[in-house]
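Quick one: this structure, given as structure tokens, is what I'll be asking you about.
Chain IDs A, B, C and D follow the sequence of writing; residue 1 opens each chain.
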Amino acid sequence: MISITVQHDNFDSGAEADRLSALGGGAISSFVGQVRGDGNLYALELEHYPAMTEKALRKIAMKALDQWALYGITIIHRVGRLRVGEQIVLVCTCSDHRQAAIEACSYIMDQLKTIAPFWKKEILCDGSENWVEERQSDLDAAKSWDD
Amino acid sequence: MANQLSIVYFSWVRERIGRDQDTINCPENAETIGQLLDYLKTKDTVYQDLFADLKKLRFALDQDFVGLEAPLGSAKELAIFPPVTGG
Amino acid sequence: MISITVQHDNFDSGAEADRLSALGGGAISSFVGQVRGDGNLYALELEHYPAMTEKALRKIAMKALDQWALYGITIIHRVGRLRVGEQIVLVCTCSDHRQAAIEACSYIMDQLKTIAPFWKKEILCDGSENWVEERQSDLDAAKSWDD
Amino acid sequence: MANQLSIVYFSWVRERIGRDQDTINCPENAETIGQLLDYLKTKDTVYQDLFADLKKLRFALDQDFVGLEAPLGSAKELAIFPPVTGG
């Protein structure tokens, strides 16, 4: 079962993991990404392409289901303005085997970073703004699953 | 009759264009995304600037990532945006 | 910072992740293992070697801190009688980088499975009992980190 | 004076022995764990059965995993148990 949500509101990663694990399997892997600040960052503004987002995330989740024996996948991605320390994204996977759950979770995050239509703008403490640029390390991570 | 196409913009592409979206009539001789971009450049200098470095842009046709050589076919929506940075 | 707890009581994986992520870093990886039942299983009885358990888990956590840039590690392992569907173990790691958090979490689970002094006894629905045997796949997984 | 050693048992080893632990006086000539097991086998048939297949057992000396060739030294606690199965 695939559950995909794009919302501004925060989420409770433990409650989401509990809900997912009710589908079966004893191994639940979760990843949470948060707004990380270096002191100059005030907030992130997260934009997405609504008509495409769920389609793109569902495609990633379906590919994960093809590759690993999973009971379910939960993806939650927040949009709008998020302050430093706030949660941005949750990926949670559930399987009989811990390697399957962990690898699938890692795969989904790597793919999400490169093909899900979200864009981050940094709002700095001095009021200036700049769009975050893609990172080669994310592209490399996504490609590493191809072989 | 020419195919109507919505073009939607995101992130700094949207800011640079100054609009969320446009609706255009595709010219008959624009069969691929690359050819459509060439046509748009003749219409507005903002496109000339934007399409000067295509390596910084990504394209989705009817919500699927595509390359410049992709045929427009009867697609309804072209999205133009920078590389994604979610997660 | 390393937090290691052995307890009978249940835990809230989301609250633990929140507590850990307050240490810094934007990438939080969690793994939860639950009692998985096939219909014949009534409960697991989890025994440990109290004098050794924390020492063994701390050694694993220290090795993870050597290998990955982590802000913190939380390990919670439950003991006593746990019914089907209950949580057994939580490993949570926190880093600036998702690969570091996820790999460290996976490493800790693999090591825990083979060198932390816990033993599981299955209590079946018909009242019979049997001690769970080690699995070659767990030994292989732990060894896979050696190179 | 002979070294006093606690021997603690877990899982089915504890059930088979029927006790949580024993305290013994290490004989002078038992310098390694393997030699101590040989000595224990001469004391009680339950040890003979238990130590018949050492591949099924693991050992920790003062809470660190060790092999049969490990010197007992001045260790205070030997633990005998099957391979661990937590997580």
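Methods note: a residue touches a chain if its C-beta (ideal position, glycine included) is under 8 Å from a C-beta of that chain, and two chains touch if they have at least 3 such contacts.
The model shown is predicted, which means the values in this text are computed figures rather than measured ones.
As a whole-number value, the distance joining the C-alpha centres of chain A and chain D reads 49 Å.
Chain geometry summary: the mean Cα position of chain B and that of chain D are 74 Å apart.
Averaged C-alpha coordinates give centres for chain A and chain B that are 27 Å from one another.
Among all residues of chain D, those that touch two or more other chains are 87. Among the residues of chain C, those touching two or more other chains are numbered 33, 98, 109. A linear topology is adopted by the chain contact network, the touching chains following one after another without closure. Chain pairs that touch, as defined above: A-B, A-C, C-D. Note for the complex: chain C touches chain D at residues 33, 46-49, 51-52, 55-56, 77, 88-89, 109, 112-121, 131-134. Here chain C touches chain A in the complex through residues 12-17, 21-22, 25-36, 85, 96, 98-99, 101-102, 105-106, 109, 141, going by the rule given at the top.
Those residues of chain B whose C-beta lies close enough to touch chain A in the complex are 8, 10-12, 60, 63-65, 77, 79, 81-87.
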